[in-house]
Structures are given as C-alpha cells and as structure tokens.
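In the part that follows, the structures are each spelled out as structure tokens.
Presented sequentially are two complexes of chain A, the first with chain B as partner and the second with chain C.
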Partner chain A sequence: MILESTIRLPFSYAAGTVGSRFLIALREDQKILGARCTSCSTVTAPPRPFCSSCSRTVTELVEVGPDGTLEAWTNQPGNGVFGLILLDGADTPIVHRILGTINPGTVNAEAINMTPGARVTAMFAKDRTGRITDIEGFIVEQDDP
Partner chain B sequence: MVPPDERSRALVSVLGTAETKVTFEDPRSIPEMVLAVVEAALEDAALGWHDIDAVVTASVDLFDGLTASSIAVTEVVGAVMKPETRIAADGLAAAVHAVHQIMAGAYRRILVVAHGKASMAPYWDLTAWAMDPIFLQPLGVNFLTFAGLQAAMLARHDPHAVSRWATTAALRRSAATGGIAGPISVDRVMASPVVASPLRAGMCAPVGDGACAVILGDPNIGDRNLGEEDVRIAGIGHDVGPHHLMIGELTDWAGLRRASQRAYTLAGVTKPTFAIVEPSCLFPHEEELFVEAVGIGTTAPHSPGGGLFAGTAPVISGLSRLLRVVRALKGRTGERGLAHGTWGPAGQGQVVVVAETP
Partner chain C sequence: MTSKMTPETTPETTSRAMTPVAIIGSGQTNHAKERSDVSQPELVREAVDAALQDAEILPEDIDAVIFSNMELFEGRAFPELWVAEGAYGNGKPVFKVATGGTSGTSACIAGFHQAGSGIFDTVLVVGFEKHSEGHTQTGMALVDPFWDRSVASGALGNFALSISQYVSEYMAGRGVTEEHAAQVAVKARRNAANNPHAHLQMPDLTVDEVLASRMLAEPLHLLDMCPQSDGAAAIVVASRDTARKRGKAAAWVHGAATRHDQPYLGDLDRRLVTTRAQRSAAASAYAQAGITKPLRDLDVAEIYEPATYAELAWYEALGFCEDGQAGRLIDDGITQMDGELPVNPSGGVLSTNPVGASGVIRVVEASTQLLGRAERRQVDGARTALATGYGVYAWSDVIVLRSEMP
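The block that comes next holds the complex of A and B.
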C-alpha cells in the first residue's frame, strides 16, 4: 500500500548582508554585483561573504556584467535552457536561464545559436521583487542580427 | 598484486556485507528494506546485534520525504541505546566515518547502513531542493542541470565526446547482467530523448530503490570472525568542493584527485593499479573525470558489472561499490581494490576507499 502525500512548508531564508545588497541592486538599479576579495582580488559573482578562492571575508562589492561570455549551456526539455556565464569583470561563473536571441527586439528561443564563447547580456524583469529572477535570463548576442 | 612492502597497512576489517536487489520500485518500506540488509550483513559476518558497538547511517531527509530519516531507520539498525551517527552524504562517506571511529579506538565493530528510494518522488526534480535557495533554487536548476553543464563544458572542444559517451553507456549496460534497465545499443542511446543536453536518457544510470549494509571491525582485536582471507580497508580519502559551480572544478574532479591521494598515502599505494575498480558514475562523462582523477590510466578496466549503469539508488551507490570490491577480493591473496562514492551537484563531494587482502 502506497500513501500519497505532499509536503508544503513555507520557509524564510536570510540572504545575508552581501546577498541582500546583491538582490537590492538587481531590484532597484538593474545592476549585478560581485564580491571583490581585497586579499587576492578574485571577484565572485553572485557575491558571497567569503572569497571563493582564498576564503577570506569579503565586504567590497563591485559591479559586474551585464554582459558576459557563455561558457557552456544545457537544454533541459520541459525545464528550460541554462547557461554557465562568466560575467565581464567576474572570475567565477553564474548559472542562469538562457532566453534566446533578440532579432530584432523580440526574444526567439528557437533561433539560439549558442556556441560556447558566445557573448550574452542580462535581460532584467519589468517587475522586480529582489530575487535572482529579477534577471529574467540572458540573451545571446548575434554577430549578424 | 600488492607489492610485499606495501602490505599490512589495514585500518579496519570488513566483516560482513549485504544489499537489496536494486529495483525501480521496491514495495517495501524503508525500515523493511534496511532491516533486510542489516540482518543479512549480520548473518554474513556471523555476528549478532549485541556484537555491534555503534552504527553509522547514511540517508538524506529530502530524498526520504521525512523531516528526519532517523524516524525510519534508528530502530531497525539496532541503534536504540547505542551511538548512531547519521550523515547526509553518500554511503561510502558513512563507511569512512566508521573507519575514523574504529581507528580512534572508540568502537570495535560498527554497522554502516545506507538506503535510498528514488521511487518516492521524481528524483531529479527533488534534487532542485538541494540547491542554494537564494541564487539557484528560484531558477529551477537541479543536479541533472549541473550534469548537463558539466558534460557541455567537457564536449566544448571534443567533437567525439557525445558518441564516445553513448558507446560507454551501451558498454556498461551490456555488462550489467541482471541490471534494472537492460542492454541498449549505441544507436538507441543516441536516439533517446535529450534530458540535459548533451546528455540523453540512455546515457544516464537508472536510479531506483535500494539499501546496503557493511560491518566494519577493528583488525587488532583478535575477532573470531577475522581470518587471513578477510578484506581490509587500507586507505580512505574524502574531499568536498564548492557548491557553486567553478569552471575548473567542472572539467576536473580535483576533489576526487585529492581524496584518492589521501587514500593512496594511507594505504601506501605508490602506483595506482587495482584488481578491481568500482566508480560511482551516473553519466559516462563522469567516468572520464574519475579515471583522470584517480590516476589509473585510461585503459585500465573498471566497473566489471556495469557500475551504476546496472541500476543504483540515491545514497547507497558508494557503499554498494565497496561491497562489490570486497566480494571481488574475498579469498584472493595480496590484491587491492578501489571503491568510489560521490554526492551533490556535479560531484561536489568525493570519497575513496582502498581495500586489500593480506
């Protein structure tokens, strides 16, 4: 006998000081912040309160992106296309949704030509709530629009 | 063969092993599955409940759908009024913790148990809840997304990678006699649906339900069950990498390299050659990362029974690899084997055990 059940549990996550500044910058200014280590200069994006290279405490935030380089992407049918993006000015990649191409002015997810190394740019949501999804996703720039 | 000057470095002895047959859906409850393997392992070791000093269990509440997996297993592993350590990682990491406890002199004999039932919920969807809640969960990514990104990184400059991985998957499934998914041709692998490009469904090890138990003991206590033919654990290594993807960590299992080096140092392994090697790889590209990291060479055989492509269950994979290494080595003289476990997205956690016979 199998009993069916559903787990529903509202939860509150503290984004932390650095995470909150990152999310507020997305919401208020449509800017992406990374954490710059004053010891080894590594810029970690999205920012965390410690350096991803040397584990020192990090408090200095710098603007990165919104353009970057697509290092790799994967298509999960039914779930979406996800990319590993190295934002300009950052040393660590961000994982986010890949929306497609703009040609011209409209998103065309079917016409994705996503060669690794392609240039991408962040597309911000119109209604932003202070979440990572305030970046709706990344658009692949085309050389020949 | 283990060189004579490298022998007799045993950390602990393996006294008994047992596992359920992995199936896509085991109708038994978690306690029933766990009890079955515990009783079988005790019988294999010719020991009783009273002979066990402590228990280390591996389980993940998220996968069990329980607020605490202790609800399901504490009684059936005989841990009531005994010390139970429970870890949320691969079962081989539980074995490593048991080795630590025996080496510290805290206990003589420890029961190690792992269980997982992927049939309880869509497994890959469930792994989305094991991701960072601020930066990753809202995107809908899961462990399969990360595996796809890892495979994509590896295939960037390797046009033959995908066809090679299809061949590997077909080879493993063919070797998996009695496997839960059956043999598959390379063409069928390539024709199977994309699950996280470039990975296709036929390239993924089938994940179902299973439980596994191993009993470890202090080799220096003159246990009546210890004989010359017993398999000993001679080396252990354990390493955890960052949760957030780093480009370098994706294309190189550096954590596994560090873990295997620690195990080799403890075991006195100067050249990593083994009678049997059992990696925990759910995807063919992971096998290539594994071979490179543990340094066995690309032509060294491994996964004689098809590895995880024969079928596996969450959490049990590494402990079941140890079981297979132990059973392959038992009765042989001066041989060495390697078991591997991993957990988390894209191989975040890595654990290695080197076993040998005197």
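The block that comes next holds the complex of A and C.
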C-alpha cells in the first residue's frame, strides 16, 4: 500500500548585508561585486560575508569582471553547460551558465569550442530582478570576432 | 591559470586519541531501488535486529541511539522522531547527526566518543534512507538559494564541475583517463555481486559498457555515478570494559576524525584535486592509529566514493599512492579483491547508496571484515580496516579499525 502526496515549499530568504549589496549592484548598475578580505586580501566573487580562505568577517566590496577566464565546465545534456569562471579581479571562481558564442544577434551554444583558459564575458538580463540570474550567463569570446 | 589557492591544509586541530571503544555487532538490510515492502521504521528495525543479533545483546542493553539520515529526502520532518521506535528508542536518549553524505560515519564517530567518554556504555548507531519515498533531486536542489540554486544543476552538475577540474588537471599531466574511472565502476559492481546486501550487482560489467552508458554531465556517465537506494545499517558500540568482559571478537576503534570545510564550489580551489578536508582527517586518524604507510598498514578499505573519479582522488588523498599515481593503482590491480589493498569489497557507494546509511555501511563492512564474517567478499586475514565518509564537497570522515584492542 503506497500513499501519494505532494508538498509545496515556499520560503523567503534574507540575502544578508553583503549579499544584498551584490544583488542591488547587479540589478541597478549591471555591476558584479566581490568581497576583499582585509586580513588576507583574498577576493571572493560572489562576495561572501566571511572570507572563504581565512574565515574573517569581510566588509570591503570591490567590482570584478564582467570579463573572466573559464577554469572548468560540464555539459549536462538537456540542462545546458555550467562552468567555473574566474572573473577578472577575483581570486575564486563563480559557478554559472555558459551560454555559448555570439553569432550576430543570437547565442549559439553549438559553436562552443572551449578550452581551459578561454576568455568569457557576462551577459546581463534585460529585466533584472535582483537575483544571480540577472547575469544570464557567460559568452565565450571567439578568436576571430 | 587556476584561481588563487585557498590553503592546501586546514588549520591544525587537537586530535588526541580517545579512550578505546569497540564495535561489538553490526547489521544491515538488503538494499534495493525500492523497499516498498516495509515502512521507514520497519526498515530500521531490520538493520537494528540484525545488529543486536550479531552482538548477541537485547534492546534493553542499549543506553542511547544515534541516527543518521538526510532530512528532506523522505519529505518528512524530524525523520528520527518517526523511526526511533524501529530502533527501540522510546525512553532512551535519541538524537540525529547530520553532515550530508558523511552523516553515517559522523554518527558512528559520535557513538565512539559517547561510549569512550563514559557518558553511555553501549550505543546503537543507525543510518537509513528510503530514496524511493521522496524526491532526492528536489532535496539536493534545495542548496544555497542565492548563488547555486538557479545557476547550477543540483548535486550532479556541481559534482561534474568539480570532477571536470580534476580531470583537466590530470589529463594535462597526471594521466587519469575515463578508462581509469570506468575500471573503478567495473570493480565496484563486480565486487557487489559477492555481497548479498548490495543494490547494483553486475558481475559481467565491462569498461566498454561503462563508457557507452548515457552521459549525465561531462565527464560523468550513468555508470560512473552511485545509485539511489533504500536501506538501513546499524552498529553497536561498547565501552572498553564492556567489550572486554564479553570475551568475544570485536572491531576496535584505533583512530577517527571528522573535518568540515567551506561549502561553495568555487571558493575552495580545485576541490577534488587538493581534497584538503580528507587529507586532514586522514592525517589525524592515521596518527591516532599509528598508520605510516597506508598501502602497507591497511588490509582492506571501505571508502565513500559517490562517483568513480572520486575513488581515484581519494586514493591520493588517503595516501594509498603518491599524487598523480591513482591511474596506475587501478591499472595495476592494487585495489582489486586480490590486490595489495582491496578497496570496497562490498561494491561501495557506487553499488549501494541509501545516503543516510551509506557511511554506516562503510563501518559495518569494515568491522565485518575484521571479524571474518564477510563471506564471499571476505579479505583473508584482514586485521586493519579503513572506513571513510564524504559529504556535500565539505565534510570528510576517516576511521581506522583493528581486530586487536589498542
């Protein structure tokens, strides 16, 4: 005998002091902020309230990206390509979608020809709502633009 | 090219040897994709009765019960509340330990400390999971809501990314290939064919079949990954005095360590390459147990490998070989049943994965080997055994057991 059931789970999460500044800068200014640790100088992006290297409380935010370098990626059939992107000015990579290359006007995921170290740039959403998806993903820069 | 390194090692923590304790009995269910023949407390009761019978004790001999389980996977709050009766928990101290996939080994270590501290004399540790009753992918997708939930695809995508870093580094200079990973998959499922409790038993699996299986997330094929299983496992931990007075064989705890590390995939650089939490836990547990050359000093290992590539990374993190030699270790058959250090005679997590139970199963299997009761999967003459746990990129547990009292 099996009982069937479905649960709906709505939540409201506080982004916190550092997370809120990141999301507001993203939504209002299309800027990506990282957190610089005043103790060990590590810049984490997205910014963490506590340094991921030395655990000290972080208060200084700096602009990073929107260009960066692709460190690793995985192609998940049906779900898209995800990558670790080291944004210029940051010391730790961000996890995000890799959208492909730009053929005039359209994103062409099929044309992705990636190698570690490939240069990428953030593509911002037109309608931004203060979420990490205000960055739609990252475009791989082509050798011959 | 890679990002700024987080420190390769975690800060030193105090890890003095604990008062010796012993595992005096253990048991597990038959694990399967779906155990719809029993409810959650009934599943737990199966493993608990098997452990009590193995220890030759009665429910009233148990002083406290520690549970390991993944909240959310069964869609039920406080799972330990509902299943405690299955472990004869009413009227006793009952609590849960939760460290992701590591929960089972962490719960065992909590039991070691409780029995070793004198707080309780005899402690029952139980891990269980019924993946078939819930929606594991939903549970796994409820990760950090700000960064990871919308841009990475659950555990698999994140894990594949971590492995992608590992593979690209290794392919560049250290020689780990997808064939090496496939050999791990074949070893696990063939070993599982000797384990009547195992979920996936594939005695005829080949490397080609692993490589031809569906691509889940590059470089992970379906057969590179662990399954989702229903199952439970339990151990009985006793203080030194109680274990000695029994005058029966037992598996003695010689070393145990747990480590947590920060959770964001990108923040801990080259996570699967540096594996600093596991290296730190291993260093502590080995020091407690006097292990200096793991390949020589250990007779059998039951390690928590959620994916084939993870087993290769753990070979190095656990000191079975030098960094960069994991491919050679599997090529040379060192970790096969007839090799110098058989790894996962049970078939491992790759063959059986009721997550909350998986860490406990590692300890059950390791102690069963030391008691010589592992039947067709027995490693002859095993006297020193390793059991490990791994959870959500962040946690690592390492346990060393011996058939002799410390």
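Brief remarks on what is shown
Methods note: the second predicted complex is superposed on the first by the 144 of 145 C-alpha atoms of A that agree within 3 Å, B and C clash if a C-alpha of one lies under 4 Å from a C-alpha of the other, contacts with A are read in each partner's own complex, and residues count from 1 in each chain.
Here is the rule we use: contacts are C-beta pairs under 8 Å (C-beta built on N, C-alpha and C of every residue); 3 or more make two chains touch, one makes a residue touch a chain.
None of these values were measured; they are calculated from a predicted model.
With both complexes placed on chain A, chain A has more residues touched by C than by the other of chain B and chain C. When the shared chain is aligned, chain C comes close enough to touch A:Thr42, but chain B does not.
Once the two complexes are laid over each other on the shared chain, residue contacts for A:Val62 go to neither chain B nor chain C. Of the two partner chains, both chain B and chain C are touched by A:Ile7. Of the two partner chains placed by the overlay, chain B and chain C both lie in contact with A:Arg131. Across the superposed pair, chain B and chain C both touch chain A at residues 5, 7, 11, 13, 15, 19, 23, 46, 48, 52, 71-77, 79-80, 82-84, 86, 92-97, 116, 131-133.
Contact residues on chain C toward chain A in their complex (touch as defined above): 1-4, 6-7, 36, 75, 142, 145-148, 150-153, 156-158, 160-161, 163-165, 168, 215-220, 262, 264-269.
By the touch rule above, chain A contacts chain B in their complex via residues 5, 7, 11, 13, 15, 19, 23, 46, 48, 52, 71-77, 79-80, 82-84, 86, 92-97, 116, 131-133. Interface residues of chain B, counted against chain A in their complex, comprise 65, 133-136, 138-142, 144-146, 148-149, 151-153, 156, 193-199, 242, 244-247, 250.
In the complex of the two chains, the chain A residues touching chain C come out as 2, 5, 7, 9, 11, 13, 15, 19, 23, 42, 44, 46, 48, 52-53, 55, 69, 71-77, 79-80, 82-84, 86, 90-97, 116-117, 131-133, 137.
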